[in-house]
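Labels for the chains are A, B, C and D, by order of writing; each one numbers its residues from 1.
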């Protein structure tokens, strides 16, 4: 089956106590399926989720700096020490400069952290793939939070992104995102060649988060 | 006596296990003096320091957003829930837009968080004071990390900042920073009218952090 | 009468040949009234408007740098050399860091350029006023481009901004903006204590720009 | 022979009257050699240089926006209307987000403007090349302004960048930059496979700009 990364964003329903509750749901559902399900909470919630739950934890962003005089910045080294698995990089709500994406992807390799570089179209997916991250995650910005699944609305963008990414670097895995919440859309994404999905509101803002996640992975 | 806030920045010596060790030192030294000593570690180290040590914890920055679709951003609400006392705002290494400083100062008041707005000269100190934060912290950028104490090199900037801040809003407390590490410089800052100091490398990068802090507060 | 500054933004109707046409309209209307009417086109259109029309030209932004290795940045010195009168600073679509606003206001004084610092509420108006610019221009962001005039929708924000600005520095002149296009709203702004208005879409995107400007100043 | 683009940056020696003087030198030297020599002055100097001199003019940056409510932003459309040939994109002193580089490269194609995307190493050169700009210009940041020519100090970075760029897209032309000022270094760059060079201080800050440019192209 596929890869599922849930971005908690700065949603109230994915912050603080709610982040812990959602991480617990992910742990439980995860134990019943073969899919790999990871969570991406905000920095402040990462340590407690890492220590309490058996689930891989990603950051939503890391800063392109090394240790030093950089007030407020989060280094990949500390993220690693805190037990995170990796991080999203260049999310559409936190776009990075090309040189910084490259810096982070290289550093993640050294530290054995998993890099998930977000992109917005076929051309930027090819460009990101040239940097050899572990994953690229293509999310057409106009569909983010829309409830319209990219795998249904723009299947060709998924197929072409997979092709573009693998043409440049066949090791890179490809996620797709934006608007995905139903099992059918998830399966369609896999059928189109994606290795998995990146999602947020479909689960985090669902009235019943557990039910939403069970539906996504086909348990209901 | 005075207020001392120690900014751990992204220094290796103030990150991860080293952050915990330094927080423990602060707790211990703090118990022996009347000065108020608080720490400002990176986001990932905040929760563990809050739960393990009897010391007030500040963030180094908070984002000017409310709950929502803001990947990677840290809200004041979550910071509060995690037990932090407040945050630095507009540090010279993370300057903010004027409208965002105002947004954060207002929000901190609602949430009973302590706001420490950093400034770089007399004019910006007056401007920040007009927003009515709890503290303004004046740090001439050219002296940050220089080892040259602002209270000795530019006493008039401390005096004039205190005057400018209190002229605009007499409730605002004033810290000064940049280059301070010795007891004498700290006392001079208080004599010049400051309510305390904001410092970083003088303690965090000291060969013996405990000794450095004890010297700062006059225990040696 | 009052001060009117027209921000051409990056509107198609205020760019290139259209910028020249609009500047000509401003020159013509300006000659018939006692109001001071200035234009703020994009950088590329500034030199030609300065050389062809008898109208004061402001930039929409200047960078907080001095001459040096700053690719793409525009210095106040070059702006001055090109014949501009001054610049907007900190417009809501180009918010600046507090330290940079202060840097620019100081530099404008040295160069005898006119500084117009934009703000978003009463508190930031007081803060900006503490930096002693020539003008502060208060524009509630929620009304920008709304067609709802700030002088009618939130008269108290205009009055309170004028009071807050003058309390801090009685030399500072106050403009208000957002949603203003009719003569009545302009006059109301002046009656509320403002020295003038900053506007954009009301004139630039009007079907008949000349008619719109004539109406604004009461010629129709 | 090769391509030479001279970035005037915000250097005093390449601003205002000095920009005009330098553009005139470029026009004159250019007429004596087969090399293609273009200039990249700041926005305010572009219109006058375009109208007065027979030399191709590039901007140092363009904003990733279309016409609209974007105070201070420069659109590619206006740049085109003003007679510029193209623009640098993503210079190390004005790094852009990956999605914005892609936006600009696509837009430049539609408008028949020439895109020169700056990069900092082999990996980002490959990534930029995947976006199919007209040129990529590789400049190792540590050598910019150093006086140490990249073609001598790091010949392999030039060769590998050329190879990486052409592997991804064989149509893309490759410039190299950083530290180049002598004819020998320019020729070495061409020998290493580059199509030309991007330079700045070597010419703009030379004591005798004309002599420096003549030396670069081998006229002395």
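The rule we apply is simple: contacts are C-beta pairs under 8 Å (C-beta built on N, C-alpha and C of every residue); 3 or more make two chains touch, one makes a residue touch a chain.
Worth saying up front: this structure is predicted, and the values here are computed from it rather than measured.
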Next item on the list: Could you name all chains that are in contact with subunit A and with subunit D at the same time?
Entry: none
Check: How would you label the subunit C and subunit D contact, same or different, if same means the shared numbers make up over half of all numbers there?
Finding: same
Notebook entry, point to check: Between subunit A and subunit C, what's the gap in Å when you average each chain's C-alpha atoms?
Noted result: 43
Next item on the list: Could you tell me the distance, in whole angstrom, between the mean C-alpha positions of subunit A and subunit B?
Entry: 34
Check: What are the residue numbers in subunit D that touch two or more other chains?
Finding: 92
Check: What topology does the chain touch graph have (line, ring, star, complete, other)?
Finding: ring
Note to self: Which stretch or stretches of subunit C touch subunit D in the complex?
What the structure shows: 7, 9-12, 15-17, 42-48, 59-61, 63, 65, 67-75, 77-79, 81-82, 88, 91-94, 144-145, 200-201
Notebook entry, point to check: For subunit D, which residues count as touching subunit A in their complex?
Noted result: 90, 92, 95-102, 105-106, 119-121, 123-124, 126-132, 141, 164, 168
